[in-house]
Amino acid sequence: MAVDSAQLIKIINHMAQYIEENKDFLTELDAAIGDADHGINMAKGFKAVSEKISSMEDKDCGTILKTVGMTLVSTVGGASGPLYGTAFMRASQATGTKDKITFEDLPTILDAALEGIKMRGKAQKGEKTIIDSLEPAVKVLKSSSPADLNLLKKAVDAAKDGVEYTKGIIAKKGRASYLGERSIGHQDPGATSCYIMLKAIYDALENMQK
Amino acid sequence: MAVDSAQLIKIINHMAQYIEENKDFLTELDAAIGDADHGINMAKGFKAVSEKISSMEDKDCGTILKTVGMTLVSTVGGASGPLYGTAFMRASQATGTKDKITFEDLPTILDAALEGIKMRGKAQKGEKTIIDSLEPAVKVLKSSSPADLNLLKKAVDAAKDGVEYTKGIIAKKGRASYLGERSIGHQDPGATSCYIMLKAIYDALENMQK
Amino acid sequence: MKKVINNPENVVEEMLEGMAAAYPQYVRKLDGFDVMIRTNAPVKGKVALVSGGGSGHEPSHAGFVGKGMLDAAVAGAVFTSPTPDQIYEAIKAVDGGAGVLLIIKNYTGDIMNFEMAAEMAEGDGVNIEKVVVNDDVAVEDSLYTTGRRGIAGTVFVHKIAGAKAEAGGTLVEVKNTAEKVINNVRSMGFALTPCTVPAAGKPNFTLGEDEMEIGIGIHGEPGTMRTSIMKADEIVDHLLDKITKDLPYEAGDEVAVMVNGLGATPLMEQFIMNRRVSEVLKEKKIKVYKTFIGEFMTSLEMAGASITLLKLDEELKTLLDASADTPAFRQL
Amino acid sequence: MKKVINNPENVVEEMLEGMAAAYPQYVRKLDGFDVMIRTNAPVKGKVALVSGGGSGHEPSHAGFVGKGMLDAAVAGAVFTSPTPDQIYEAIKAVDGGAGVLLIIKNYTGDIMNFEMAAEMAEGDGVNIEKVVVNDDVAVEDSLYTTGRRGIAGTVFVHKIAGAKAEAGGTLVEVKNTAEKVINNVRSMGFALTPCTVPAAGKPNFTLGEDEMEIGIGIHGEPGTMRTSIMKADEIVDHLLDKITKDLPYEAGDEVAVMVNGLGATPLMEQFIMNRRVSEVLKEKKIKVYKTFIGEFMTSLEMAGASITLLKLDEELKTLLDASADTPAFRQL
């Protein structure tokens, strides 16, 4: 299975939809250990993304991903703006000027995104951040081949476990780190939004295969 | 009947007591059409007065009244401070260096007080002020002679009617005047405190006669 | 009552002590009195300006004591005018021989207390003049009542009369300048919430969750109407309509604008108001010469603001632009 | 939500427009961006200072744009750091050829957004240096976490680094001076009430009728303890204890003091706090060189305040005393 530009736009719109649906939920998670804006900012960013890419069906996949990244960077703000923005821009670089993205490309692209986030945020696994859901997912994707929808499903499950894992740990990066011990027991908003985005990719692809 | 310095101090302490007892009531009246401080300010002033005159039994009546006036002026503030302060200072001038005040002196002394308030506040009857209870009382006292406790009782009743009368009129002086029509229906705090002070004089004198 | 205080009875004294400790370069507290005077008072040969009123309006009035503005500020109890003995001490402390101008806001209490103090000081041979500020157009002016209240426009009187005195004006000249300002300044405010006088311990009035009071006084005196909360632009339009019609301010006039926060309203909201103020004045072809935004005449922690317009001529412009150096108003 | 606004979505833009309309002599808004720059920017040959952060902290940061302080301030959404494209535009607009110093408060978002902007501008050949302010002792500092937050002490960085740049310092010199300030400045705050981000429409946290939060962040981040309301003196003692022990500030040191209102706390209460501040420092034999009281780094309409101490040497004193002329900070 391969995804062309029109389908890539559909997938990203699916992300936008899930983020919008989870806007209040993400904001509430952020209210508990941050500053109550994660859902608001992400929704604002993805709304802008949807508008920007709506007329880009004739562009290559890398260009579309770059636009997503730059739009997120310039509309989301806060910590998640540059992080997700960098992730999409790195994904764009890994994609190049391809017209289609195949399942085989997915591990490389998501790994590039992960590395981008790590570079930008200087965080690693276990610090209660986006990485705690993204890294396990990427690991699964890279663990066996060929990559297929089934493997992606496992990756999404791993991300979900990663979200669960954030509940038990102390935040060491981002705004929640000011809470120290008191951050324990709360689910990380960024890890959650990342899981939601991965789930959106899976659900969109599954729909397309039907 | 004549009142010596010790008795004059008792009468003034009686005023102070009534004012303290009516502190919240007067403040609430002021809250409705003013700035909610009349009781607070008057009580503060009379507390200072009681302390100041406690050791003045060997002073003449005029000196005591002057001390009351100056203490009120320097502790009450707002509109009522200079008004009642001036009233007592004028009463002191009318009393002179007398060692005793008789019933015959009362109309003159209270008239001087009234004139002092009128001079200081440039108000006249019907403007919803202290004058609306004080002027009727002074009128009664001046209406027949010899002045006695009975006549003073009538004067106090006239002051009470004056307080009642303030409910029906528009405030034209003081802070309540900003309300215009909306001041109607409310009893004037200053007219009320003046009535309370006159009532204190009567009750104190009646006690002394027993 | 959520306040950062120690004891409601000591707020004024402790505030003045804290202020004196903060600004020795500008002010000192008169020992035993609630009076702040210029560090270098009395300034020989200069007309001295004495203002004051109830406390709770900070930075008014002591925040404006310093070069180019006031020589002394007298602080009454919260929202209560100061007493004559305090005002008298202030006058005596700053009189530099050229006379003293008393700047009084039009409240019965303030007027009577300042008048008694003036009588006392005149008895000592001090030359005294008085002006009464009455800029609040929310209250109808009439010869037969107390007249309009004095609110934020008072700050322009401090600034401009202060500059005149600093420039060597005589007592009568400084008084005339102050009166020119008073004749050309109009204000009106509104509140979204009440405030709490520390000694009272509870809010001085109540407003519903969705209500606001238009035309509020700086002590929480009732205004001209109670309404459900309006948008910032609507509020500005309403206030400016009343203000501009009053003087009136007309096309071709040049004005100074003050948007004054009453306490809890953030600067952000004051700027949002000013956006509309400048728009409306442009429409009306009234030229804005200079704008002042911030907290100048507050009501403790009341949420709300007032707008002030001052019509300018060349003299007023020059004096408004003159340098000033005080704790709360500085101009290079 | 009782606010003087038109639409929660437009508060930042309308605020900047209102500010630009108020102070054409100081600032202008960069067309199409939420950036305020000095009217006369770029100043040829002068190192330019760019600061910024989320909105809602007014007068920070645009209130400090002007002679002797900042060249540009970038305004993010309320309590959200600005995006790199906006910061990039600010840098480009004020670079006068001598390089640009970015003054960043230590929040993950601010750091990443400013870093991305710096990369973009460096790509264009602009010389860039960065400093990160982290004065809030309520948060434990550690290499392995995000570290301390940046709060009101940032204003001293603006003032002093700004003076250094105005005096002709090179980019490295200005950066070193800024870092000296950062190394010597510590702050801590508290809140009596939360505040409401316009877009959220409800308070960002809750506090009981009798509760306060010690060590609060300027975005309402939780502090070190929640307790029942303390007296002003007790609060000051607690904050000063934490602050002085941190650097530490010791007998014989000379400091600048800032008592910074967070929004709804009246100046009266800030002065009452300063009374105790000056008392305690006297006891500790720490000399107060200069005191600043007012609203410098706010949290919308939060009630509360912070205390900042800056340890001074001769260089810092001279730069602190240098004249400054901005909308919210003026010194003759």
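Should a chain be cited, it is by its letter among A, B, C and D, assigned in written order, with residues numbered from 1 in that chain.
Keep in mind that, in the parts below, a residue touches a chain if its C-beta (ideal position, glycine included) is under 8 Å from a C-beta of that chain, and two chains touch if they have at least 3 such contacts.
The model shown is predicted, which means the values in this text are computed figures rather than measured ones.
A centroid comparison over C-alpha atoms places B as the chain most distant from chain D.
Remark: chain A and chain C have CA centroids separated by 55 Å (rounded to whole angstrom). Chain A and chain B have centres, each the mean of its CA atoms, that are 78 Å apart.
Taking the mean of the C-alpha atoms as each chain's centre, chain C and chain D sit 29 Å apart. Each chain gets a centre from the mean of its Cα atoms; for chain A and chain D, those two points are 33 Å apart. Among the residues of chain D, none is found touching two or more other chains. Interchain contacts (touch definition given at top) occur between A-D, B-C, C-D. For chain A in complex with chain D, the touching residues are 27, 31, 34-37, 40-41, 73-83, 85-86, 120-121, 172-175, 177-180, 182.
Taken together, the chain D residues at the contact with chain C in this complex read 2-7, 11, 14-19, 21-23, 55-56, 58-59, 63, 192-193, 209, 212, 229, 231-233, 235, 257, 259, 263-278, 288, 291-295, 298, 300-301, 303-305, 323, 325, 327-328, 330-332. Listed in rising order, the residues of chain D touching chain A in the complex are 54, 76-77, 79-86, 107-109, 112-113, 115-116, 139-140, 144-146, 149, 197, 199-200, 204-205, 217, 219-222.
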